[in-house]
Amino acid sequence: MYELAYSRPQSLADALAMLAEDEGAQAISGGQTLMPVLRARLAMPTRLVDLQRLPELAGIRSVEGGIEIGAATTHAEVATSAEVRAVVPALADLAGGIGDPAIRHRGTIGGSIANNDPAACYPSAVLALGASVTTSRRMLAAEDFFTGMFSTALEPGEIVTAVRFPACSRAAYIKFRNPASRFALVGVFAAQLPSGYRIAITGGGHGVFRWHEAEQHLDGGGAIVGITEDRLDPGHFTGDLHGSAQYRRHVAAVIVRRTLSAMT
Amino acid sequence: MTDITLTVNGRDHVVETEDRTLLVHLLRDELRLTGAHVGCDTSQCGACTVHVDGKAVKSCTMLAVQADGADILTIEGLANGRELHPMQAAFHEHHGLQCGFCTPGMIMMAIDIARRHPQPDAATVRAELEGNLCRCTGYHNIVKAVVAGAQRMGEPA
Amino acid sequence: MTAMTAPMGKFGQSVKRVEDSRLITGNGRYVDDLVLPGQTYASFVRSAYAHARIGAIDVSAAEAMPGVVKILTGQDLVEGGLFTLPSGWNLTSIDGTPARVGVHHALAVDTVRFVGEPVALVIAETRGQARDAADSVFVEYEELPTVVDMAAALGPDAPRLHADIPSNRAFTWDIGNAAEADAAFARATRRVSLELRNNRLVPNAMEPRAINAEWRSFDSSMTIHLTHQNPIGMRVLFMMLLGLESENHLRVVSPDVGGGFGSKAAAYAEELVVAFAARAVGRPVKWTAERTESFLTDAHGRDHVTKAELAMDDHGRFLGLKVHTLANLGGYISTSNALVVSYMYATMLCGQYAIPAVHAVVEGVYTNTCPVDAYRGAGRPEAAYVIERLAHLAAREIGVDQAEIRRRNFVKTFPHQTPLVYCYDSGDYEGCLDEALRLADYAGFEQRRTEARARGKLRGIGLSAYVEACGIGPSKLLASLGGGGGMWESCEIRVQPAGSVEVLTGAHNHGQGHQTVYAQIISERFGIPMDRITVVQGDTDRIQAGTGTYGSRASVGLSAAVRSCDKIIDKGRHIVGYMLGIDPGEVDFADGIYTSAATNQTVAFTEMVHAAHAATQFPTDQLEPGLVATSFFDPPNFTYPAGVHVCEVEIDPETGVTEVVAFNAADDFGNVANPMIVEGQVHGGLTQGIAQALWENAVYDPDTAQLMTASYMDYGMPRADSLPEFGLAFWPSPTPVNPLGMKGCGEAGAIGSPPAVINAVCDALGIAHVDMPASPEKIWRLCQERQEVA
Amino acid sequence: MEITGSYLLPCSPETAWKALNDTEVLKSCLKGCEALERTAENEFTGKVAAKIGPVSARFSGTMRQTELDPPRSCRMQFEGQGGVAGFAKGGALVTLAAQDGATELTYVADTQIGGKLAQMGARLVEGTAKSMADDFFGKFAAAVAAMEPEAVPIAAPAQDASSAEQPSGTPAWLVPVVIAVLAVAALVLFLR
């Protein structure tokens, strides 16, 4: 990688100040995405500001109606957290399937959703569960947070500090893996909340999205088998070496049905 | 350049390093612990796996400066003199290695698996080895070795 | 007598590996581990274009950067007298003309012909500085049109890679007898035909290529530390290419090698350039490939497009075979590739079947892709894939079971002279088939298929009966086919005064467990514990001669070892004869003890060793002191390992995902020295073959010739969770061509498995063919078609 | 790789044509555009600092317009260099058609990428192209609306969620757009 400087601030305020004073500074959390990019010399930050040990970003807490997960919480911590498993078991399952064990030991929920890779797992849970994202400046609903592939509502210098999930016992996540990268070729998080069903799909290509038509179908008492791909907007899908847009769309519908079946 | 302090295999080190140096390069080039290998650039092969504060991580996906203050265990620190760690012994016993290049990372990951899953079955081991590539063994004997090694780690010494 | 604390070796036993102790403790020594005094680091500037004319190369900015020691371009190499990279095999086209070999400069001069081709080298004080500076070398490229597809490359309007080679055709070579094949086809009542692609693979040894070269100006000599399968052979080649005075001016050392699979048997541009650079800067220069560089430049494997046709009678007896193959050479002909695509491939097209008339044509085609060379099996997997896919189709055509069609056509007597040069040594193909079917519970398959259908899965079973050629030799035959000969292996055994044994071999371990197997065999021969035996390899200062490890040549090297053992034991007889005052002919040797039946006296092997070195108990004018023996073994024939693989897959028709749910293999490797090690070799080979059939695929963009699969993000490596447990059995027919009866096992798994998997997929879907890799989308589309038909 | 797309612009074809040849308008609409200059009658050069996700790369490139048929269509060739990241080049046909007082812009672009972009980022090319195109045309539509006060008040891509033919892709219109778009392709990675 290119030459750069590294800082490990002791507080959120210090971290924000460091990011504010150097335009070329880049926040790093678990670094499991960023490090390979830096090694490939596809980014040239002047400074890395390490968020992983900030006390303000740590911890898993019960909150009214749900659970709050600090942004620096690793995937492994979420996967093995008794609190998370008690409140949103599907979220623990999802976290336990991200990457591989070594990656789960360092990668964090805050880093994942701030990066919003179009094939990442976490954004689907955040969106499907209607979680809210707390940042250093504000609180955002999931719908407002994700704004497209690799794109979020975060402004320069703004940091995700926590994600708050509602309790939900009827939810499931299934990842249909890309045979090479093992990222989600398609990933589906489905949840049944008091407000109704919510289904979020990741891996389509343009970033995570909700399948409203399927949600409405279920809310109207429709059967799982009636959820078919012809109701899925093809505009959500792109193709690559591992699957055409048409194939991804088809698989998405299949995995949605399987995820819903797995919920019961 | 930054001075960092870290414990590696029970020994304390103070090392001056470039901020951009990867942990794996610090271990290999500065501390001359060449057991952790670099097999890819995209954090997927796992040949560089070491334990940082008791957890398996890919040392090619972490800066050395991020390990400031950390306790690190590498393949070189496993055996007690000539007495092998049970997982090392299991890899030998079950022929869980051929060229040996992926082996240090495999063993470090295997120990981590055994800690999290004290009596893993073959399917669990296969799933948990997703981030460690081996080109020689077809994983068949590695899986057997990890199952047996985990078993032995759980037995009283 | 010595107390026997360490294990005794025994041929045929699963002795645990000697080499493990260093590898499991992090004490393995690979090239990149080595740092030499005054070490510098190299980084290559590579072309981002697949085909371009090189204009100006501006190194001024890079030269001014911190730590930069030197920058070299192709022109510097030409001026420095570096030779171009050779093709190691002389292939002759049908019309009698020699293969047209495109000039391959180690650093491109004038033109680059594939993405990633090295254009310049930067040497600097640190790895980071070298890379920083390499990024700052500015190269002007004038882009040229590219061609990836072989048929297109042969077309009249295709861009030409090498100005002097029309139609990008390096050779049109054939084997067999066209007239006889035509006659067989005229006679035939049934025929099946097939067009298939054998997908391009990236070898992916986990240890990337690496070299550390140092030049000693005071005696004009060089030492190269190189990760390679054939370090001893590389000495001669590098000596010549670098223009060194003699072998004595070059030492090549290969320490532990982290996998090769054929890809570390070639001579590469990068290594040659680094060696040249070490001389130019007078300091050690190290280069270790990054994985992306490995994807771009490690010689790829396979990449054939083949049309094949099989003629039969009404009973499905094979009468004739015609094969036409386009072999993608890449931008240049790599070291062994002219051999791989011809005599390692087409000679094996008959498989296990007695086919009387065969004709095969291979056209070698240049394209704007990475050069292709040996990859696990090297030609033989491509041949097995052709004939075993045809056999599957033949069973469909005739309407008989997959096993039955093979049974009807097996070679049944040995030796068997094929119509394609080679003469199969030994085998029991039908017995092996039965064993495989038993292992796989073939009889119970239909029940499993029905059960799977109830779960919504399509289950299929596929067979593949492969035969291959291993233990390459004899030298004379190889030379007559276009090689340089020299296909023997050497082994020197030195017995030290205190009784320990040093074994020097030119073979080179890169995972095969040579140190164990050599020690095992020699331990048994001498009757001494294995820990008394040290195997020395991979250092030209220690080993005089050798040809390396590839093509399952362990049997050749071990045969040389056995001969050296015999020479030592025989000399011992003479020594013991003097010691006991009897005729050496009356001295027997077994289990480490010389005995005289006549006098009932015994002398232990170690006592004989002491006597040999003390040289007091025999007349040294009649018998020389010391105990050293060297042997060269030139095999009288190849060996022909064979086997039957049975694969079962389940396909999810909704997603197209294929899962290998069972894989069983019965193999004839002749005698097996160490079953544990051999099984390990098979596991690895099977995995590479299954991965070729389902996941692995090197894809070049058809328009730009950019490699789209240049990392593990896009290249589908097999992982632990995608494979079944393997069921293996041995069905040995010992070969008569070497003293151990061993045939070799390194490639078998990768040869038999791809057709077994694809045959299973085709069986599951009831289709004639699907090209590898059988990716989920491809299979899903086939399932869709199947539904439409149904 | 061929990419196509179409957008509805709230202005007349004449205004759209003018705006598409106005370097200041283009520059303001293109995220990360550091410079955009006309170097000849129908030739532009530009610099774009593209940043998507963790990847950032600086591209410089040129674009040449040919077969101009104002205000209906033109063809263009573009080429950009991203240093270590690789290169992008291609050609595109852009057409403008009046539609109920607005203008439908359609493009068919053939884009090629090379070097690290192609080697490591194949999975992201198409999605990136669309997101950058949407971003660009969102701003561009607003810009042309401002240039033409009587324009119909729409500023959205011509998307029809139910249409299977829903276009996506990058406007090869300007070098910088495409080049920036492609920078992202390099995004290998691994969001975990």
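When the chains are written out, they are named A, B, C and D in that same order, and each has its own residue count from 1.
One rule holds for everything that comes next: a contact is a pair of C-beta atoms (placed from the backbone, for glycine too) under 8 Å apart; a residue touches a chain by one contact, two chains touch by 3 or more.
No experiment lies behind these values; they were computed from the predicted model shown.
Shared contact partners of subunit A and subunit C, listed by label, are B, D. Summed over C-beta pairs in contact, the chain pair with the top total is B-C. For this pair, subunit B with subunit D, the centres built from the Cα atoms lie 47 Å apart. Each chain gets one centre point, the mean of its Cα atoms, and the points for subunit A and subunit B are 28 Å apart.
Contact of a single residue of subunit D with at least two other chains is seen at positions 84, 116, 120, 122-123, 188-190. Within subunit B, contacts with two or more other chains are made by residues 18, 20, 41-44, 129-130, 132. Residue positions 2-3, 32, 36, 40-41, 99, 103, 181-183, 241-242 of subunit A are each in touch with at least two other chains. Residues 1-6, 8, 31-32, 35-36, 38-40, 48, 50, 52, 76, 80, 99-103, 105-106, 181-182 of subunit A are the ones touching subunit B in the complex. The residues of subunit C lying in touch with subunit D in their complex are 48-50, 115, 135, 292, 295-296, 701, 703-704, 706-708, 710-711, 713-714. Those residues of subunit D whose C-beta lies close enough to touch subunit A in the complex are 52-57, 84-85, 116, 120, 122-128, 130-131, 134, 159, 161-164, 166, 168, 184, 186-192.
The touching residues of subunit A, when paired with subunit D in their complex, are 26, 30, 32-34, 36-37, 40-44, 75, 98-99, 103-104, 107, 111-112, 115-120, 148-151, 181, 183, 205-207, 233-235, 238-242, 245. Contacts from subunit C toward subunit A in the complex involve residues 128, 131-132, 135, 292, 654-656, 694-695, 699, 708-709, 712-717, 719, 722, 775-777, 780.
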